[in-house]
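First chain A sits with chain B, and in the next complex the same chain sits with chain C.
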Partner chain A sequence: MRLATLIFRRLQRLIPVLIGVSVVCFALIRVLPGDPILLIVPETATAEDIERTRIRYGLDRPIVVQYWDYMSGVVQGDFGTSIQTNRPVAEEVRERLPRTLELVGYGFLCSLLLALCFGFISAYRPGKPIDHSSRMLALAGNSLPEFWFALILILVFFGFLGWAPPPIGRIGTDIDIIRVTGFMTLDAIITGNWSALVSALHHLMLPVLTLGIVAMAPMMRTIRASAMEVLNSSGYRCAASHGLSSGRLFRNYVLRESLVPLPVLGGLVFGNLIGGSVLVEYVFSWQGFGQWALRGLLLRDYPVIQSFVLIIAGFYVVIFLIADVVQAILDPRIKF
Partner chain B sequence: MKATNKKRRLWSLNQSGDILAITGIIILTVISIMAIAAPLFSSWGPKQIDFSAFLSAPTANHWFGTDGNGMDVWSRILYGARIDLSIGISSVVIAVLVGSTIGSIAGYFGGWMDAIVMRLTDIVQAFPPFILALTVAAMFGRDIGQLVLAISLVFMPAYIRLMRSEIRALRQRSFIEAAECAGNTHMRILVRHLIPNATRPILVIAPLNCGWAILTLAGLSFLGLGIPIPEAEWGAMISAGAADVIGGRWWTSVFPGLILFISVLGFNLIGEGFLERSGQRS
Partner chain C sequence: MNTTGLKIDELSVTIGGSSANTSVLHRVSFTVAPGEVVGLVGESGGGKTMVARAITGQLPTTAHSSGRITIDDEAIAGKFNHTHSAPEILKAALCFQNPLTALSPTRQIGKQIVDRIVTHSGVERAKAAEQALSILSQMGIRDPKRRMEVFPHELSGGMAQRVMIALAIACEPRILIADEPSTGLDVTLTRDIMKLFRDIADKGQQGVLIISHDIAAISATCNRLMVLYAGSLVESGPTDYVLKKPAHPYTAALIDSVPTLYHRDDYQGPLQGSMPQFSAPPVACPFEPRCSFAEDDCRSGSPPTRPVSDHWTVKCFHSESAYLDKYDQWDDTAVARNESTINTNKIDSRTKVKKLIELQDVDIAYRTNWGRSSKRILKKISVTFNDGESVGIVGESGCGKSTLARAIMGLIPPLSGQIRFDGIELAKQSPRQLRLLRRRMQLVFQDPLDALNPKLRVSQIIRDPLTLLEMTHDEKNTSIARTLGRVRLDEQFSERLPSQLSGGQAQRVGIARGLVIDPELIVFDEPTSALDVTVQAQILGLIKTLIADRNRTYIFISHDLATIKDLCDRVVVMYMGRIVEDGPIELVFNKPSHPYTRALLGAVPQLREETTAETVYLKRDLDEAATELIGCALAPRCPFVEDKCNMDQALREISEKHSVACWKV
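Then we have the complex of A and B:
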């Protein structure tokens, strides 16, 4: 009941935000310079041809009518047709989004694991060299430009050592894989295609490591702070002096408490990862959602831009909704 | 009186976090001096082409090598610092000024003004930061003024919210009531009594944002949405050299990225030092 109220309250705030996002974006791209039609008609096109193309894409109608038309499509899962490729936007999104989500998902897992490791190590040895060095590592990771770091990793692991595959695409070119979900590793497992799984993981190695190291700092800082708080608490000291094993103390006291602030922070980290993934995809020619959106933005492909903005915003606010729900489950003291 | 004490505490040397902040300040001072006095540190101009050395590895003549256009990487890094640091810092300054003005007005007067401002920040904050900068920059164009605006827009909601909540908390205090009873105008209460007491948390996060702003600018340029190529800018330099890195000619990308990393680290060290001493954990 408590969770239902929370979700209902959040949705009440979330829907106006999404409508606001769509209105602002819709109006802005049409007001600002740049005309998608001029980019697709041949150079010899007359003013009449241009006008006819404009009418074909419905861009001659009043902006309010266009907006209504677009949004009533969106509600039914129709995101319009790309002006550049002439394909339904929904189809392109279904193709591109899983690629990026796979990258971001593994990147998140990687940064969470790194943050947990280093966070607990420094919390258990505050002020010791290992504490300082893991904090410096997190700070340095936070200062790294991810696109440059990715290039360095390519230089070292592909260029010098030859451990990594060439940074083009997300699977070896010689491997066929049946598409089920669009998530490469998941598809490989479902179809039992082990060589594809190995190749996909091999290609994921460097981009995931890049994202993981760059994004770990805030989570590590929080884990360290909350773990240290537990370790210095009288409750913990009492439990320890009763002779509980250190494994048990860690699981039931330190780990449990340190996880509480993570979900909301995780939402922010996820957002940073989505942003970072645009750059990392570009370096590794990942052909994901970010690269698709970048092209749409540069070519003023209205339906693509609108859908990208709406999907990213929707995704981001839903992530925060989930984060709030998880936090409410982890911490029953929170009231709404 | 209290405020000046706090200010002094921010700079005194005997607390944890000072070493971090001082290291950061030293790093940035060195980079700024080299950027301002760039012609003293390099005999090559940032766009000067050496026709005898295209993609040359580091030599005595070209300390950090040359790029594919025969331009000296070291000198482009120095001149690039001018663009990167000034855009990074000015976008945060604009965000602080505009954001805290809007935030303090919304927090002080409340009512419908507050409601509108909050709904607008909700909309802006519905995007991951880099995606917002990317979308705005792609829509508005790539000259310096527009890039500064695109980057500062990303930070503005945070400052609006921070200032608003500070002002709302301070408004309840009795010295504000006293100032109201003494017949001060709203304007005077806001400017003389409220804002000076609310700036501390903002100054703490500003350096962290400067570092992030520089990363954003470089990222946008890397994608081709920022400063265009013949101009010396770190992100664009990394981007231009990216293809060479895979071929083993690493210097065109590695050096600009290194200096970018060091400057961002400088800002983050200052920010981390400030955070540590204000006891505030984000």
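Then we have the complex of A and C:
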């Protein structure tokens, strides 16, 4: 009941957020210098040709009409047509988005797992070598550029050790896979294609590890701090003084309470990863959503940029909704 | 099994690293036998909690301890051990202070109890759940099945304390230790909780050690009392003896500092000074600097612990001197004499009666985030405070008395109704006009250290309200100096920061800040409840001298009837957002009319049992559901309840200046 009201209230907020984001984005990209039409017409084109092309893409009309046109398409699932590739944007999104979501999803899980392990270990042994070294690792991951880190991993695990596959694409070139959802590992499981699953996971190994280590630091620090707070709380000291075993203390009196601040931060980290995984995608030739949006931005491909911003905004709202729900489940004291 | 109970032998504890040591306990020895309830009393900083932590193996990692603690002849390790895992029999279980924070917030209380039962008796969870149910109902919790599923933040203070005791009981300890179990509880609830401890000791043949600063609250329950002062056990003996004829001067001062409804005639006034801190075990008597019986030997050597009679010991050189004799004269006639004086000196027959503050049908509710108003805090409050009057507002915590004070100060706008200050309606004033009006009224806060800006020096803090007035710099300085003198603070304090003040000094600064602009109204919001008893007595004494100045109105908010008795002309009793009784203090105290007032008076802990009013016992705890009831709010708990109580009870006058909200009166 408590959760139902929360979800309902948040979903009510989704629509105005998306409208606001689309308006701002629509206006802002048209302020940016650079004309997409000039980038696609041949160099020999006359002023007349250019004007004709502009009319073909509807860019001659007033901006309000363009916006209305675009948004009424979006409502029906039509995100417009890319000026560069001349393909429907929706189709490109369907192709690109799962690639990035798969990478970011596993990357986030990886960083969450690392953060949980190191965070709790550090909190239980503050000031000990394991505490210092895990904090060093987190600091390094946070401060080193991710593309550089990715290159080092490739150098070591592909170049020297040969454990990792070459950093080109998501799956071995010799493996056929039937596309169902676009999520490589999910498709492999659905179709029972085990060699494809192994190959996909193998290709995911290095980029996921990169994202995992890069995104781990803030979450680890939060867990460490909040677990230490719980370990010093009178609630924990009371339970401990009543002789409960350390396993029971951790499971019942430390874990849940320590995780309370995590969902909000986790949502932020996850949202950042979706929009910010582009460098890692480049290094591993992932052909993902971020890469696609970056190219769109460089070429002033209006429909691509608009759709990217809109989708990312939608993701943020949904992610924060999930984060709030998880937090409300963890902490019974939270009221709405 | 061997059942000798708890035995502590020469326990000393020092805390700190290489540079700053604090010696917290000095060779403390005592026993707690099974079936016995023993009270360990003393002011904060005396080392009481450290005793509890030593017994339950929770000394801080920087502590060094010596001496021997045994329970049923088995030794206890002093240090806290993070990793003990095997289910073992817990010898001593501690009920933590402030149970609302000491209960783990993210686990249902039923599960917390079951965890303890499973650990210590090794039964299945399902069976443990049944046991937990029976423990909860044994603790006096209604509807225990539903409460099992509840999270700690959903509990009221009294309920949380019961759950905390249930947790400790579920560990099946040989010794139960309760750290400040009465903190934050109202007098009526405290009495119930204390009765629980008595029952536990009587039935379970467990020893109970109650640690408290509140000697009055626990004395009725305890077989024996032990007094701890600055880390030394200064007196230990059967409760009756210790209370009637305290052998140690500190014990006597502690008992005298407790605000009671009836004071002895030979009351010597508050104890001056404050408790010392030691970096090494003291070589002299730790109480010597504050003791009026101290002689040279007290300064040169530490007094031995000597027996006064059987089971009664004292750590003092001079306990048999002239000091003890005056307690022999203490008798019941003092009460009678006291009563006769009340009636003569209190009523002030001044002719002009000007209404300073008027509240008319005031409703106040705090709003929730979503704009819907939550339950009303104050309901149809109509009350008048006259110029020059000093009025006490009493009631349990949560009854709305602080809200009433804030409404009078114009800090909270009423939902409906009018609040007038000197004929001016507060709600209709602009923020600027309100600010000007505040020159004429001041609030003294509950927790002094919390209410003073830690970055400002004392003189700056007191200067702050003066910015409301147009004054030259020199005029300000003289009025600051004069005010410091009035609250009896030395000039040297003016350059100190709040962190360099003790609790009592900080509250003096708080009072000085209220006094400096010479307002027409001063509201004291529980000015002593955050202070230790001897300091509390000092502050009450100070306020009493201030109140003698009849040129302004004083409103004094307290949960404790005894503290206001000496200070106020009139008392307003509140219950759940309503005024239930309002009348001159001597009438209300001698002839309380509303059942709630009678219960409140009866529940004031009396050290020497002199309650005159026929005591009323209220039923059950405060139930949250009752807040939205129509009719008398007390009805669910009132022993005299009848059908007619379902009607709204308006305040009506039963004699001159005395009104009561009960149709039966």
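As a working rule, the second predicted complex is superposed on the first by the 319 of 336 C-alpha atoms of A that agree within 3 Å, B and C clash if a C-alpha of one lies under 4 Å from a C-alpha of the other, contacts with A are read in each partner's own complex, and residues count from 1 in each chain.
What we mean here is this: a residue touches a chain if its C-beta (ideal position, glycine included) is under 8 Å from a C-beta of that chain, and two chains touch if they have at least 3 such contacts.
Owing to the predicted nature of the structure, the values given are computational and were not obtained by experimental measurement.
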Query raised in the report: Overlaying the two complexes on chain A, which is it for chain B and chain C: clash or fit?
Result: fit
Report task. Mind working out whether A:I274 is in touch with chain B, chain C, both or neither, as first, second, both or neither? Result -> first
Query raised in the report: On chain A, which partner touches more residues: chain B or chain C?
Result: B
Query raised in the report: Looking at the overlay, does A:Y67 come into contact with chain B only (first), chain C only (second), both, or neither?
Result: neither
Query - Angle at the Cα centre of chain A, taken between the Cα centres of chain B and chain C once the superposition is applied, in steps of 10 degrees - result: 70
Report task. Examine A:L294 and indicate which partner it touches, taking first as chain B and second as chain C; both and neither are also allowed. Result -> first
Report task. Would you sort A:F183 into first (chain B), second (chain C), both or neither based on which partner it touches? Result -> neither
Query raised in the report: What's the minimum Cα gap, in whole angstrom, linking chain B and chain C in the superposed view?
Result: 5
Report summary line: Residue set of chain B touching chain A in the complex reads 119-120, 122-123, 126-131, 134-135, 138-141, 211, 215, 218-219, 222-225, 235, 238-239, 242, 245-246, 248, 250, 253-254, 257, 260-261, 264-265, 267-269, 272, 281-282
Query raised in the report: Of all residues in chain A, which touch chain C in the complex?
Result: 233-248, 252-253, 256-257, 260, 330-333, 336
Report summary line: Listed in rising order, chain A residues that touch chain B in their complex are 13, 16-18, 20-21, 24-25, 28-29, 32-34, 139-140, 142-149, 151-152, 154-155, 158-159, 166-167, 218, 221-222, 225, 270-272, 274-276, 278-279, 282-283, 294, 297-298, 305, 308-309, 312-313, 316-317
Query raised in the report: What residues of chain C sit close enough to touch chain A in their complex?
Result: 56-58, 80, 82-88, 90, 93-94, 96-98, 101-107, 111-112, 115-116, 119-120, 151, 153, 164, 167-168, 170-171, 369
